[in-house]
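Shared between the two complexes below is chain A, which pairs with chain B and chain C, respectively.
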Partner chain A sequence: MLTAILTGFLFSILLIFAGRFIKGKLSILASLVPLGLFVYFTQFISSISNGEIIMRSYEWIPSFGVDLGFKLDGLSLLFSLMITGIGFLVFAYTSSYLKGHEYLDRFYGYLGSFMGAMLGLVLSDNMITLFVFWELTSISSFFLIGFNNTNPASRKSALTALGITGIGGLFLLAGALLLNNIAGTYSISEMLTMSEAIRGNEFYFLAVLLIFGAAFTKSAQFPFHFWLPGAMKAPTPVSTYLHSATMVKAGIYLLMRFTPVLGGEQIWNTTLIIVGGFTMLYSAFHTIFRTDLKGVLAYSTISALGILVFLTGLGTQEAFLAAAVFIIVHALYKATLFLVTGIIDHQTHTRDITRLSGLNKIMLPVGIAGILAAISSAGIPPTLGFVGKELTYEASYHSESLVIFLMIAIVLTKILLLYAGFVAGIKPFTGKLPEEHSNVKMPGFIMWAPPLLLAILGVIFGVAPFIIESALIKPVVTSMGGDASEIHLALWHGFNLVFILSLITIGVGTALYFIIKPSKKLEEGIAKFDFIAPENILEKFNKLFIMISNFWTNFFQNGYLRNYISIIILFLVVLVGYIMVGNTRFAIDYNSLSKITVYEITTTLILIAGIFYTVFTQSRLAAVAAMGVVGLSICLIFVFYSAPDLAMTQFSIDTLTVILFVLVLYKLPKYLKLSDYKTRLRDGILSTIFGLIITTLALEVLSEPVSKEVGDFYAANSYIEAHGKNVVNVILVDFRGADTLIEISVLSIAAVGVFGLMKLRLKMKDRRRYADTRLSEENENKKQ
Partner chain B sequence: MEILLALMVGILYGSGIYMMLRRSMVKLIIGIILLGNGANLLIFLLGRITKGAPPIISGDAKVFAEAYADPVPQALILTAIVISFGLQSFAIVLVKRAHTVVRTDDLDEMNATDEDS
Partner chain C sequence: MRTTIILKTASNYLLPVLLVFSIFILLRGHYLPGGGFVGGLIASIAFILHSFANGLDKTKELLILHPGFLLPVGLAIAFLSGLAPVVLYDLPFMTGLWSHDPIAILGSVGSALFFDIGVYLVVNGVTLTIIFTISESA
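What follows is the complex of A and B.
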């Protein structure tokens, strides 16, 4: 099973090296990959329909409880067959649709990795693996939507889709971690056995919300639906494959997979019914206002996904059955309609529904496919669509409460979807052929065969539903936690309320098709309400976010050194000050302090005078000299308080610094008074408070007892171990010799840097500019 | 004397920060030097000051006979002084070089990496 999943990825990797072979006439061979996988999965049908569940597990990260656990049951099998089966047709179709495209190999590479990721998603039994594959599908979808990467609209749609589904992926990861916390395992099959405990847990509500967040974003439920119409910027095979038949159903898959674990509670069912119900009605209604064929199909896909969420929410046996059938119905007719749209686009170079009619005169097989798909989508017998619709109505009719509302919602949705299906499948192939399309040619066999095959399958399954009944439908219902033994699919359900509703649906929908003609006016009409559409609200939010981030960054990272320092100091002052207020005790033992002599008073006064002179003088030279005085006073303090080595060092270093300063000083500009009075006052206040805080801090520390343990150790061992009598020296060159060595290295590096800056010559460019400025300065001086 | 020293440490810190907040590069360096002196003095003070008893073993003795100043803060400060000299000298030369290239001492005019801004 792992091999089957990896095949898609291996195929893409292979294309990196063998891509140029696939670009030419051999491109059709690429479709052998999904075909092979399809055949591989069909061999499991018989064992799965006997109720078997095939498990495979490979160790991955056992310490985290993460393994490559795969599970093939009814639900996964249905999805795997759809992924590989429709994948095969789409791969084949692409070879003709993108014939001779410069990046055909790249396209196949994306499709291949998507197929691998999607298979991994539906087969994973471990939530972490599920998450990884989930994200991989989002990423491959991103590349496929943005395939026409020279088109800005494509890139934007790709980013939107990645953003929305990426957020959903994070929800899934959070949900996985939370469920692991509750259940103690990442394995979904193990969670199945402790459904009761999970539902009783206090974090159940949060877990459900996270899973919903993941499913609703991936499956384009309101208010996250808007990325899907945008995703139609992708080439049509992608729309067929990812954004209608498989990837967008990953959210539905997740909900179905977790129905037996998390389902059955009020919050689960009600939320799904409300969100699904609203989405299906809202987007079915939207199809009326679209003139782009793919726009119509995008909104009807969202609506179909809404129906599936709605059915999952109903939570009854009948609803599971209806959902299982509807997945197949939808995959068959919607993929057909997309492929047909792709052909129309490819041959006539337009998808504008108002300009398309009568194409059956040119491409009859395509027309047959389109019309059959439209009939299946409308739920007209003898298609599988009819079976699906009957089951859906029955499930809603038998729901526990609010039957009337649910029935109205589902019937209205179905009427509108019928309209959408007719517009996409029948309108282009009936009526008069417009002049502009008279030169359109019949597409090749490889293009029209896939949609026709899918459309015909829709009819065959409708006439003889027993073909898929025990093979696919029953195992899916079992996977969702239902009892499948009583299920019996049939085209004719008898004459009852549901049948009457079906007739009404077909009648009203057909009437609608003849009354409402798609037009630009309608499309413009709905555009007026764009400002309350979720995508625009999101866009505004994005802009606001960027604005705030901009403000935030520019406020703190403004490029002015002194602002950085002010903020750091202010922060420190506020934080330390806040702690110190109330905690300061001033509990110094005055008797322990050393006595003050006249020398010290004098030194202190000189020091203070030196500091203030350094700060306030107008002359650079005076400032540097005063700084030297400050250094020498400190040197004296060291002398008074038993630190002769420090005094020596301070003395020499201070002298050196002053000399160096004076040496380069004559090249520096005059001291300029750059700040105004206000700024200086503000800085002065800040510095004073900071200084006060440091003083208080020092006094507080002085009142605490001190330990001389480390010092005593060095003092005791200085002569005995290291044979030196000056303890400070011994520490530096012996006990901590390695540190001193590193210090010397740092100094050498600084010396090299100084040398470089002093001696190395400017680059030509800089030298010229230097000369220019010199010249202009001289000229100015002359003028004066 | 400790209180006096603590006060001086505060003054050194305050004036150091004040100088660092100026727009002139020369003042920035002076500020760093003042701040460094303040920090050294602070460490020295917090290690407790002792008068007239340097940590040097006298005469023929092998260990200290009487009280002595703690050598550890002194060793730390000695290192700090030397390292800060490396920093200061580099900064001074860097300022000089920067001034040669961009012809300004005003930090506000040096806040972009682009040449023409």
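What follows is the complex of A and C.
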């Protein structure tokens, strides 16, 4: 199972080397990878439907209870089949959709690693592994959404999506840690057995909130929904794969997976019903105001996700069943509609619904696919969509409370979704063919076959639901904690209230389709309310954030070295001074100090003279030379106090420092007033205080009872253990050798940094290009 | 830059002398004051003196390779000297290894010496890279 997950990643790594071959005519071969995985997963269908659960575990970090634990049960099998099956079609479709694209290999690489991450996500039984794969899907989808990276809007959408789902990932990590604290394990199967204890825990509420945070961001629930319409900037195969069939359902998967662990409580069910219910209605309503086909589909996807959250929240046996069926229904028809939209976009170069009609005269198979998908999305028999809708109504009708409200919400949503499905799937293929599209050509087989196949599957499953009943649906219900033995899927449910509601839905929805025509006017109308949209509130928050950080950076890091040093010293003075006030004894034991000789007095006088000369001289070179005098005086003091190693090093360093300064200053004007009187006074005061503090500190250290243990250890062991008599050097190369190793690495980095800054300046051409992109980006921002 | 003939002549002799001295300092480090760090600094001072007297280009010609190449070489030597005990004897990283019998002139040789040689090369490389880069740009 690990191999299956890693295949996607291996595939993308391989593409780094073999990308050239896959770019050309052989690109269709890439789709063999998901196809192989799909076949691999189908072999588990029979054993899973017999109630088996396949577990695999590989050790990873046993000391933290983190292993690569994988679990294949009904729920993960359904998702795995969707990921690989739709993946296969999308891979194949892409080879035609992006034919000859410069970066087709990269695209496949991203898709491959996304597929691997997604499989890992749905198969993980360990929460930490789950989290890792969860983040990997966010990251790989970032690359996919931003695939057209020359387009600023595309980059921005990618960043928004990454930001929102990334925050969700952090929620998941926190949730995993909290659940581990409560249950003592990261394994989800083990948590299943102690569901009671977890639900009774005082932190249950927090754990639920964290899991909700993760699920709602990933599955685009209100108010985090806005990243999904933005993500439609991605090439259509990405929208199909990530934003209808797989990634956005990861949140739903998480909720379903945790229903048997955390579900059944009031807070769990009510929150899900409210959030899901609001999201489904809100975004279904929004579809009316979109003229971009992908915009319509994005909002209807959010709405469908809302329905799934809503059904999970209902928490009944029937609701689980409805959710399981609806996942398949939605994956089939929404992927079809996206692929159809992609074809339309590819052939006509527009996705504006107001300009599209009559295309069935040119691309009949695509039209058939679109219309079948629309019918399935509308829930018109004999499609699987009808079965799904009946089950959804049934589940809401049998809920424990507030039946009326729930029914109104779900029926309204379904009516609006029917409208959205018709707009996306039927509108482009009916009516008169406009003049501007008369030259449009029929797409190739590889493009129209995948959506047609998916659409036909939607009908086959509807006519004969028993195909998927025991193979897929029942195991899903079982893994959500329901009892699957009584389930029987059928197209015809008998004439009852639910059927009447179905008829109403279809009637009103169809009427709506004929009354409301998508138009720019409607789109502009809703745009007036943008200022209260969560997206714009976030945008404003971001701008504020950037403003504050700009201010902060400009204030503290203004590029003047003297300011940096002043700030660092000031900070130290305040910090150390604060600690020292009240803790200093000012008791100097004069007897412990050694006698002062004439050599020391002379050296100190030279040193002081050097300092004053440095400060007051008018010439830079003289100041540097005087600094050298100061350094050499310190060397002498080291010599007096028998530290020859230090003296030697200080001597060489000082020589080099003077040389460096001279080199830098050589080209500067000879005479300059270095700073004005006030600045000098300020700096003088600051450095005097700093000097005083350091002196006091040194004296304080002296009066502390000395602990010689460390020194004694080195002195005693340096010859025995390290064969060296020079303790200083032994410490440097042996006892603390690792420190030295890191220090020389840092030195090397500094040298490379200096070299890079001075030598590798941007070439003029590159610089201009950089400035151009910056400029266009700013203009774009201004427009928005 | 004008340079006196005295400095020019002297630097030709001083360069080898200083280099030998720096190696001397490097090798004696284990028993007496000295070591790779100071040794590296002295070696770089030798080259810088030479460049002052004869011009940077002459010194670069003399060095053949850019001093920046000393960085990876030195780092690799230091790191490998730490890695040797792990690979050869399955001991922890940076365990000191020592020859049993003292070698002529050098005394007893251990992995620490190679580590110090690495430090010597890195310090020399860093100093020369920085000073050469800056003096070329100034």
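As a working rule, the second predicted complex is superposed on the first by the 549 of 784 C-alpha atoms of A that agree within 3 Å, B and C clash if a C-alpha of one lies under 4 Å from a C-alpha of the other, contacts with A are read in each partner's own complex, and residues count from 1 in each chain.
Just so it is clear, contacts are C-beta pairs under 8 Å (C-beta built on N, C-alpha and C of every residue); 3 or more make two chains touch, one makes a residue touch a chain.
Since this is a predicted model, take the numbers as computed values, not measurements.
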item	value
First, second, both or neither for A:759, with chain B first and chain C second	second
First, second, both or neither for A:660, with chain B first and chain C second	both
Between chain B and chain C, more extensive residue contact with chain A	B
Touching partner for A:721 - first (chain B), second (chain C), both, neither	second
Touching partner for A:150 - first (chain B), second (chain C), both, neither	neither
Touching partner for A:266 - first (chain B), second (chain C), both, neither	neither
First (chain B), second (chain C), both or neither touched by A:733	second
Touching partner for A:50 - first (chain B), second (chain C), both, neither	neither
Which of chain B and chain C A:741 touches, first, second, both or neither	second
First (chain B), second (chain C), both or neither touched by A:641	first
Common interface residues of chain A - those touching chain B in one complex and chain C in the other	644-645, 649, 653, 656, 660, 664, 667, 725-726, 728, 732, 740, 747, 750-751, 754, 758
Complex contact set, residues of chain B against chain A	1-15, 17-24, 26-28, 30, 33-34, 37-38, 40-42, 44-58, 61-64, 68-72, 74-75, 77-79, 81-90, 92-97, 99-101, 103-108, 111-112
List of chain A residues in touch with chain C within their complex	644-645, 648-649, 652-653, 655-656, 659-660, 663-664, 666-667, 721-726, 728-730, 732-734, 737-738, 740-741, 744-745, 747-748, 750-752, 754-755, 758-759
Parts of chain A lying in touch with chain B, wherever the complex brings them together	558-562, 565-566, 569, 588, 593-596, 600, 604, 607-608, 611-612, 614-615, 620, 623-624, 627, 630-631, 634, 637-638, 640-646, 649-650, 653, 656-657, 660-661, 664-665, 667-669, 671-672, 674-675, 683-684, 686-688, 690-695, 698-699, 701-702, 706, 708, 710-711, 714-716, 718-720, 725-728, 731-732, 736, 739-740, 743, 746-747, 749-751, 753-754, 757-758, 762, 766, 769-770, 773
Residue numbers on chain C that touch chain A, as the complex places them	25, 29-38, 41-42, 44-45, 48, 68, 71-72, 74-75, 78-79, 82, 93-94, 96, 98, 108, 110, 112, 115-116, 118-119, 122-123, 125-127, 129-131, 133-138
